[in-house]
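Common to both upcoming complexes is chain A, partnered first by chain B, then by chain C.
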Partner chain A sequence: MSPAPLRFERVTRWYGPVAGVLEVSFTLEPGVTGLLGPNGAGKSTILHLAAGLIRPGMGRVEVFGRPPFLSGSARARLGLLPETQSFPPGVTGRTFLRTCLLLSGVPGREARRRADALLEEVGLARAADRKAAGYSQGMKQRLKLAQALGHDPDLLLLDEPLTGLDPLARREVIAKVHELGERGKAILVSSHVLHEVEAMTSRVILLNQGRILAWGEIPEIRALLKDQPIRVLVRGRDSRRLASEMARWPSVGGFRLNGDSLEVEAWDGEAFFEALGGLGRSDWAGLEEVRILDENLEALFDYLVG
Partner chain B sequence: MPVFERGYLELREDERPGRPSWTVLPQEEWASWLRNRKLLILWFVCIVPHLVLLVRTFMALALVGLDGGPARGRGPSPAFLGDPESMAFYAKTLLEDSLLPVLVFLAATAIRTVSLDRKSGALELYFTRPLSPWRYILGRWTGAAMAAASVTALPVLLVWLTGALAAPDWGFLKETLWIPGRILLQGAFFASVLGICAAALSSMSSSVRTGQILWVGFLAVMHLVFSGGLRRFLHEEWPAQFSPWAILQRVGEAILGVDPEVPLSLSWCAALSLLLVVLSLLVLRRNLKPLEVVG
Partner chain C sequence: MLRLWITTFRTQFWWGWKRSVLSRRAWIPLVGCLPLWAMQVVVLTRRGNPHFLEKFFLYFQSWAYLSILLPLVSLYLAVSALQDDRDGGSLVYIVSRPAPRPAVPLGRAAGAGLASLVFGGIYLAVSLSVFSLAGPSLGGGSLLPPGAPGAFFLATLVGGLCFTALGTFFGAFFKKGLLLGMALVVGWELAAGSFLSQAQVTGLRSLLATDLSRQVVLLSLPETWREVVSEGLTLPEGAHMYGVLRGAGEYIAIFLLLGVMAFCLKEHPYRARER
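Up next, the complex of A and B:
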């Protein structure tokens, strides 16, 4: 069995008296995974540990079975898109990209050819010989993306990848992240903008104060939150009658009538949907729409972080 | 403008990366320095002693002649112009006149490298590559040493080469063929020691200004330490000019094969130079990785 692209095993990292991450354990599988948390939650620390920039105080970090802090061959298989927006002064986009490729071990001639192709790919061919420090925010982000993907890594660590991009470019990057995930690359996307991550993946790691709150598919995590009722929107032919019918169900905790739709709070999702299925078969109900309102990242995050 | 116009560029199996190339670091450093007009002007100011040497070479060849005969007509005396066929002619510029220029030039170049990498986040990107900290150090050391060499040994070599080309016959070349090798060796020694010190100080802060202040402070403290604390161990008649530079100068004199003007023990000076290099390497390594982040 081949080793996982990224594995954290009870990893703790302190910065003096401040804990960056505490007892963090997870295994990253191929595909896209979102890393979510408020500022100071430990997202950057996790990315820096995974990229081999810092050493865990306790526990073990492995990239394809090797510790990235010590192993060059582990780092050769990863690409990091950092959050920082600055570039070395005086260095052009082309030089920067070529340097990154050469430092990744791509041979000289191939690095030159590939740098040109990548610049064209991310739409920076015309600005290739301008100083990178003078690029706009969007251009810098494109250049960073190019350097992260340049050596064709198997593990991608993306820190706020959509920052500074225009809406069209955002859509393209999201589509690209999807595509790379489908190709079997393992991708860890850190962000505090929930809908951006949700657009890329349904698999997330939720962090707060250096600890993992939850990890997995969003619906699975939601299902585990038994202390929070599921909010379901139900729209039918006669919402008032629907409400009076549902009031008798033990799985329903409460509801609110919003015009022609009904917002139901169900404590036992399984029993609620079973009963709703029975209702759907009756002629009078005429169910037009049933939608879970809080099976999304934002609701999940609210429940977990508060 | 579309970001991935033509799809993702995958590497073919035969294109898989091999060993990272650290030589790109000094190359990239030099490319950025050459694009900096202010730095080029500073470089020309720093090689003024060498330009003076060049003028002296021409005058010595044209007015005095290589046989040391009398000058044709009125002009500067042969003693003033010197003999371009002797190492002593080059040694003064290499060992004494280059002191201030090389320190100033390093403050403008090598002192900036690691701190700018840190400040700009490039260090973060470099260390996510298979590049080891030691290879990074080697790259930055080479860059810094080349900066030091560019205002010490290299212009002197050019002066010698110009002299060889301007000489009336091949006699000059035959007589002085041993000189460039020694100049190169001495230049490599100076540039290596000064370069690694500058790179080590550069790694201590992400602010260029702080690095430059540290550089001046380092030279001052080293001067005090050497001229005070260590004097009793090295020589009884202690010269007033004893400084880190004097230590390098003593080793430099030995490499060039000229009579020592610095009355210090050669072996002690060589050992202290080596110690300086080792300490600088340790400081650099300690300051590079892990990179501290909070978030």
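Up next, the complex of A and C:
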């Protein structure tokens, strides 16, 4: 069995008296996974540990079975898009990208060719011979993406990849991330912007104060939060009658009438949807919309982080 | 792996070299040369005694240049070759790659070392030219001691490489590498090299690069000059060029090794901003 692209095993990392991450364990599989948390949660610490920039104080970090801090062969299979906006001074975009490819083991001529192709792909061909340090934020972000992808890594670590990009560029990056995930790459995308991550994946790791609160698919995580009732929007022909009918169901904890729709809090999701299915078959209900309101990251965050 | 080593060393060498020579940083060593050139010109124009001027050249270059200017310039270039990227956060692009980490400080040191030799060469070329031209105008022959140009260029090579190695260590190990390195140059190299006698210094040869470079000068000059300068620069017993060069080699090896180890084992300073 081949080793997982990324594995954290009871990793703790301290910064003086403050824990950056505490007893963090997870395994990253191929596909896109979001790494979410508020500022200070430990997202960048996790990415830096995974990229081999820093070492864990305790526990193990492995990239394809090897510790990235010590192993060049592990680092050869990963690509990092760091949060930094800084580039080596005095270096053009083309030289920077070519050097990054050379340092990843791509031979000279191939590095040159690939750098030119990448610059074209990310829309920086015209600015390639300008100093990278003078690029706009969006251009820097695109250059960072190019250097992360250039050597075709199997594991991608993206720290706030959409920062500074215009809406069109964001869509292109999101599409690219999806495409890479479908090709079997393992991608860990860190962000504190929930809707950005939701646009890229439904598989997340939720962090707060250095600890993992939950990880997995969003609906699975939501299903585990049994102390929080599910909030469901129901809209039908006669909302008041729906409300009075649902009030007799033991699975319903409460509801609120909102114009022509009903927001229901259900403690037992399975029983509620079964009963709703029965109601849907009746003539008078005329159900037009049934939507779970809190099967999203924002709701999960509110419940878990508070 | 060997190819990646060579590629990494080569790219880092060029970055170290370009950063030292083509950036604004290049002006600092040149500006540092100006007061020394000015002092030499002032002395030449005011004190016309050729005998005095010959001695002045030797002493002045040994102290002002070999013990102060060259160490500080080499240190500055070597520390800056690593620290700019590290403090700016752009070193992350290199250390997150499979490029062998030891090749990074070694390549940067080589580039910065070459740059310090170039600056040393420029300084000496101007000083030597000024003294060579001044001699005939004072009605005498050359004011340069025989063999002095070769001796000082060789001493520049030894001293420049030693302080580049020291700068690599300080740049890799300490956040305030430049300040600490300058404190060591002034507090230990200059002071200990000035006040310890040569006999004591022989035992500490691997720890005093300024003394090593001055001994290179002494040992490169023709026999006759050794007697003339022996009042000020006493020759230790058993001193010979092989021992001096070996001491320099040890100095360079120790600090480069420490610098490489520091770079490889220390974490990279692009630390998580969040905690």
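One rule holds in what follows: the second predicted complex is superposed on the first by the 306 of 306 C-alpha atoms of A that agree within 3 Å, B and C clash if a C-alpha of one lies under 4 Å from a C-alpha of the other, contacts with A are read in each partner's own complex, and residues count from 1 in each chain.
Here is the rule we use: a residue touches a chain if its C-beta (ideal position, glycine included) is under 8 Å from a C-beta of that chain, and two chains touch if they have at least 3 such contacts.
Worth saying up front: this structure is predicted, and the values here are computed from it rather than measured.
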(request) Assess the superposed three-chain arrangement around chain A: do chain B and chain C clash, or do they fit? (result) clash
(request) Answer with first, second, both or neither: which of chain B and chain C does A:73 touch in the superposed model? (result) both
(message) A:102 in the overlay: touching chain B, chain C, both, or neither? Say first, second, both or neither.
(response) both
(message) I'd like to know which partner A:53 touches here: chain B for first, chain C for second, both or neither.
(response) both
(request) Please work out whether A:2 is in contact with chain B alone, chain C alone, both, or neither, and reply first, second, both or neither. (result) neither
(message) For the combined three-chain arrangement, which segment of chain B clashes with chain C: 7-15, 25-33 or 61-69?
(response) 25-33
(request) Under the contact definition given at the top, report the residues of chain A touching chain B in one complex and chain C in the other. (result) 15, 18, 20, 39-40, 42-45, 48, 51-55, 72-73, 75-76, 78, 80, 82, 84, 86-91, 99-100, 102-105, 107-108, 147
(request) Flag every residue of chain C that touches chain A in the complex, lowest number first. (result) 3-4, 7-8, 11, 15, 18-19, 22-23, 84-85, 88-90, 92-100, 267-268, 270-275
(request) Note which residues of chain B are touching chain A in the complex, please. (result) 1-6, 8-11, 15, 17-22, 24-25, 28, 31-33, 35-36, 116-117, 119-122, 124-132, 289-295
(message) For the complex, give me every residue of chain A touching chain C.
(response) 15, 18-20, 39-45, 48, 51-55, 72-73, 75-76, 78, 80, 82-84, 86-91, 96, 99-100, 102-105, 107-108, 147, 210
(message) Residue numbers of chain A touching chain B in their complex, please.
(response) 15, 18, 20, 39-40, 42-45, 48, 51-55, 69, 72-73, 75-76, 78-80, 82, 84-91, 95, 98-100, 102-108, 110, 114, 117-118, 120-123, 133, 142, 145, 147, 149-152, 165, 168-169, 172-173, 176, 179-180, 183
